[in-house]
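After this come two complexes, each holding subunit A, first together with subunit B and then together with subunit C.
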Partner chain A sequence: MQVSARHQKHRLATLVGFLPLIIFLALLLYVGLNAPNFMTVVNLKLVLAQSLPVVLSVIGLSAVVMAGGDDVVSGGIDLSTPATAVLCAGIVSVMTTAGQPLLIAAGASLIACMLVGVVNAVLITRLRMAPLLATLAMFVAVVGINNVITARKRLNLAAESIASLRQDFVFGIPLGILLVAVLALLAYHFLHRSKWGLNLQAAGGSRDAAEISGIRVDRLVAQTYLLAAFMGFVTGFFMLARANGYSPGAQDNLMLEMVLATFLGAAFSPRRIVTVWGAILGAVLVAAISIGLKTIGVNVFWTDLIKGALIVIVVALSAISERVQ
Partner chain B sequence: MTEAAFQLSGIVQTFPGVRALDGADLMVRPGEVHGLVGENGAGKSTIIKVLAGVYQPAEGRIEVGGSTISPATPEKIRDAGVRFIHQELHLVPYFTVAESVFMGQEISGPFGLCKREMRSRAEAFLREELGSELPGNRLIRDLSPAERKLVQVARALVDGAAKVVVFDEPTAPLASEEVLKIMTAIAKLKTRGIAILYVSHYLNEIVDICDRVTVFRQGKNVAIFDEITTDTGPALVSAMIGRDLDAFFPTSSRSAGEVALRLEHFDDGQAFSDVNLDIRRGEIFGIAGLIGSGREELIDALYGLRKSQGTLTLDGATVDTKTAAKAVANGMVLVPRDRRHDGLVLPMTVAENATLATLDENATFGLIDRGKARQVTEALIKDLDIRPSNAQAVTRFLSGGNQQKVVLARWLAKSAKVFIFDEPTVGVDVGAKAEIYQLIENLASEGAIILISSSDPVELVGTCDRVAVMMRGDVRTIIEKQDLNVDHLVAVTTGATSVSETEHAS
Partner chain C sequence: MKTLFAATSTILALGLSPAFADNTLSLEGKTIGVAVVGTQHFWDREAFNGATSMVEELGGTVVPVDGGRDNQVHADNHDVLMNRGVDAVISILGDGSVEPKFEALQAANIPVFAVDHPSPYAVNNTTSDNYYMGTTIGRYMADAIGGEGKVAVFNAFENSLRICGIRTGLWKYVLQDYPNIEIIQPELAEEFANAPEDARRQTLDLLSQYPEGTIDAIHVGCWDQPAIGVVQALEEAGRTDIVVTALDGGPETLEIMAEDDSPFVANVAQQPRLIGQTAAENVARYFAGETLLPQTYVDVIPVYGQDGAKAAYSKLGYGEIE
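Up next is the complex of A and B:
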């Protein structure tokens, strides 16, 4: 009797775990029925191209969540990545507009971005601040600095080579998509198929278990914040390419989509945990929804409401499925 | 006589105000299962932490495999082949068995993790060394508690370098039929010549599995049993409790009234099942039971802190206590075991804490009448002799005993009918203990119904009229006043009963 009760619970938990995915697919289906052109190959390419910055930033975020644990309040999270990305875009734009070579500009922004990562790591692993608060504060601070640097003005792309991320093709595949695919494969390998990655997951799954097993948890956690900052740096270039220059305020939407994609991605994994590949699929799905809603003419402001509501649903369902288990 | 696998000699370990270990010795030989028993606070867990290198003792020597380790750090102890199976499981629920076994010592090749090799080696280890057929790809969260324990054991031993294994209460969270799996694994390890230190409160297991037993009391080894026979059970009990019971319990001339509180078919589907109890007005009723017996869970369930099924009848009427708020509204109050977390709001004053549950009575139109609240508190401070006798003192700075009195004061202000005390004197000094026992006695004399859940047999015997003993989720027996003595209670609680019952009969 107890066994069957356990089975029922298990089945319920599985169902709850799948719900976010079902909701998303239903939404996509709705869009597809209302805009017949939506489900075409051309549009798929557009969706992929549009999703690149989110894909890059969720690689960093999923590593952070894997190492810090997936509890939304006390676990690992890095909300500052979108700010780091626009910081990179801002610094590169301002410096190249002023005539500096791209390489120098990229170097300067890399230093700035990694500094954000170091501060995050120190706040969280040394001062033991809650990641949610620490990185939210960093998000606000970094956006502030960036506004000082760029004077909150739109800047057109000065370094033409960045545009090749959008325009160039290799073997018929857009260069940007190819590069991100390579990075995603690397991330998958190191986070899911290496000792380092498994230790990372152990740290996030049970800090005590990891420490007893001789894993240096704080060091791993710090490394994930550095990785997230680096991914923010890379994201910056893809944002420049996508928007053909620096446009202020891009961080807000990125943050929303990044968080949504990462936690939505947990629904793809059989163990219902945050994974890199799940987060990447989530990012593509989120981009598809964004474009889809635009295609059927939903007001932009309503889109934000829908995305916010989706975050609440996804996170609430993950909490419920955990409780049922 | 074989050489010792490890030997601790003359260990002295002090903490501020306490001499936790006072010249303790412990020696275990290769290929033996050595039991370590003692009451709470006897120094068992301290000596294990000394052996683990967590504490650096003030005096004494630690030898493993014939060579002295000094200073003993956790790393050196581990390198010497000593492994610990902690009481807590510390496993990641969504990891597979193989991933858990190899946590921190993963096998990886030039192309990343060798998942298949980890799986087959984990399965082989579990089968050959621990006698378990667990599949390596099963997720931890789908395993039974005993299977999880085996995974934990495999993780500690899979590197093959273990010479000494310390099991700390390995069977506490397990159901009776699952205990066998752990016993099988330990028997297998023993045949490999590994020295096993087995720490447990369950004396029946100790008698079943151990070759020798060391008894700790008051920070010292007071007895070593080199041969274990059926008579060892009672002998262990008397060695554990000693003969120095203090007479600080109140004397009582109460006589209990009619049955006033009735528990019927309480069941949480997990920690306890079908608990039925009848408790009388003016009675002090004790509940005994080790960790894992369901005692703590039952108390939580009674107070709506844990989901359960069952009927609770108070004075003939069925009472809903499915949430703590309803329990309080129906006159049932809890003095929780962890008063610093659950009992008090530490940064608040004595007055604020004492009137927390009666704010309505001290307020007009939602505004708190501070003067009235202070008057109420001052009366309570006087009644309970809370020190310092200052309603504005911050509770964080009170001693343990006085903090406990503040918790009690809150419920006295509420004039409750049923008082549930969960570990009423943990962390309370001897003098304050006596006062708290007297307060409980007074409440009972005034007709309150008192339930005491405690892990201290001396406390239960000293205060209670009757004691229900829980074991692995069931109420095994209820001991009446005339049969209530510490020996018998400890024997029943720890499962050494079978021995002592035959003794009773003869």
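Up next is the complex of A and C:
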């Protein structure tokens, strides 16, 4: 009797576990049937193209969460990545506008971005600051530095070659999408298939157990913050291409979408853990739903409420299913 | 009815053909995308509501998109409209991010009707008379400080938004004739989102840098949302002897101007709802085969002092201030 009850409970948990994904897919289907041109290749390209900055930044964030553990408060998190991305965009814009070659500007912004990563790593692994607070503080500080550098002004794209990330095609596939796909595959390989990645997951799963088995956890954690900073650097170029220059204030929306996509991704995964694929799927699905709601012509004053409610439902279901299990 | 009358009178004032008077315009069977950079601020929301309500009034279907005050999202929204397949796009505000999107829409034979964003890829741009706004606020501010003194200016958008280039550029042009007015360097740059709170903080910093008697006016070069925060900061610091001037004149800033002893003394009020409506009517005129001029100007109302604010508030239909 007891066994069958447990069995039923398990089945229920599995069902609830799949609900987030089912809800998202059902909504997409609804949008697809009601919105003109939604289920087309062109729209798929659009969804992917618009999700690129988020996809890039969630690669960094999911690595950090995997190594530091997925407790939102005490685990690994890097909220500074969006600020690093706009710092890269800001430095590149200011320098190329001033007539510097793109390569020099890119080099300078790479150094600046990696410096952000180093400071994050030191604050978290040496000073033992809570990652949530340390990286939130860094977010504010880096945005501040960027405001000084750019004087908070819009700067049009001075290095035309960056626009190829937006408009060029390779074998009929948009160059930007292709590059991000390659980066995503590489990230998947290193984070989920390599020894380094397995150590990372072990560290995030149980820090003590990992240390006992000889894994240098602090070093790994520090490396993930450097990776996140590097992804911020890459994201910066895609943001420049997307906005045809530097537009102040893009970090806030990116931060929100990055965090949402990463933890939504966990809700989609059967074991409720943050993975690169989950995070990327989360980023793409959020973009798809957003575009879908716009395409149907939903009242703009309702869009945020609908998106917010959807996310709360998905995350709540994920929490319920974990408790049932 | 009142707004309809106002719209009609503007059209007549613009000297357009009476054959295309309001009742013959139609957007029946047309789907019009309306993209706005944000809906948090009165101006943006009113222009957006004006455009969407007029499209619907003319029988068209609206596909609305909102950038949430993020210029990149606003630009991306144009791609969504293009893919959705609309007959025309009304695009309200936006910085250089939208240019490639306008170009793509034009290439796809979807006409773009801009609001406050002149562009070579748009059929037409509906906007206030920015030239008059810039020179008027320059004269008013100079008068308010007796033709001499030190002025701080919030000027984040002079180089990035053409409308702001006109407004702030002409404000500076007027000040050339006042050699005793000095613009404090470096100029201040306000945030695009959360402008009032950001301007409040920046003004408090400015006031601690410039003790009493060393600063005479604070001007906001292109709009007046930051001025809300500027006035708050002046009141907090007890420095309401400093004069505040700005542009746009929505109800919330006219109310501040109408308070007793308000430091906010001059403004030039726009008619954002009428601007949005006019843009929608321009779409209908275009589909009716009429050739549009590149720019359609909508009248502005200069506002000076407490009584002026009360009068403008009533004239613009926002109600009565006692």
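We adopt the following convention: the second predicted complex is superposed on the first by the 262 of 325 C-alpha atoms of A that agree within 3 Å, B and C clash if a C-alpha of one lies under 4 Å from a C-alpha of the other, contacts with A are read in each partner's own complex, and residues count from 1 in each chain.
Throughout what follows, a residue touches a chain if its C-beta (ideal position, glycine included) is under 8 Å from a C-beta of that chain, and two chains touch if they have at least 3 such contacts.
The shown structure was predicted, so the numbers you read here are calculated from the model rather than taken from an experiment.
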Combined model on subunit A: subunit C and subunit B, fit or clash: fit
Contacts of A:Asp252 with subunit B and subunit C, given as first, second, both or neither: second
Partner chain(s) touched by A:Met239 [first = subunit B, second = subunit C, both, neither]: second
Subunit B versus subunit C as contact partner of A:Arg272, first or second or both or neither: first
Touched partner set for A:Asp208, first subunit B, second subunit C, both or neither: first
Partner chain(s) touched by A:Thr81 [first = subunit B, second = subunit C, both, neither]: neither
Vertex subunit A, arms to subunit B and subunit C (CA centres, degrees, nearest 10): 130
Which partner reaches more residues of subunit A (counting touched residues only), subunit B or subunit C: C
Distance of closest approach, subunit C and subunit B, by C-alpha atoms in Å: 33
Footprint overlap on subunit A, where subunit B in one structure and subunit C in the other make contact: none
Contact set on subunit A toward subunit B in their complex: 2, 5, 189, 193-195, 197-199, 201-202, 205-206, 208-210, 212-215, 271-273, 325
Contact footprint of subunit A on subunit B as seen in their complex: 86, 88, 90-95, 99-100, 103-106, 108, 111-113, 139, 141, 155, 269
Subunit A residues touching subunit C - in the complex, by the definition given at the top: 35-37, 40, 42-43, 46, 49-50, 147, 151-157, 163, 166-167, 239, 242-245, 247-250, 252-253, 291, 294-295, 297, 299-301, 303-304
Subunit C residues within the subunit A interface of the complex: 36, 39, 48, 61-66, 68-73, 75-77, 79-81, 83-85, 95-97, 99-100, 156-157, 159-161, 186, 189-193
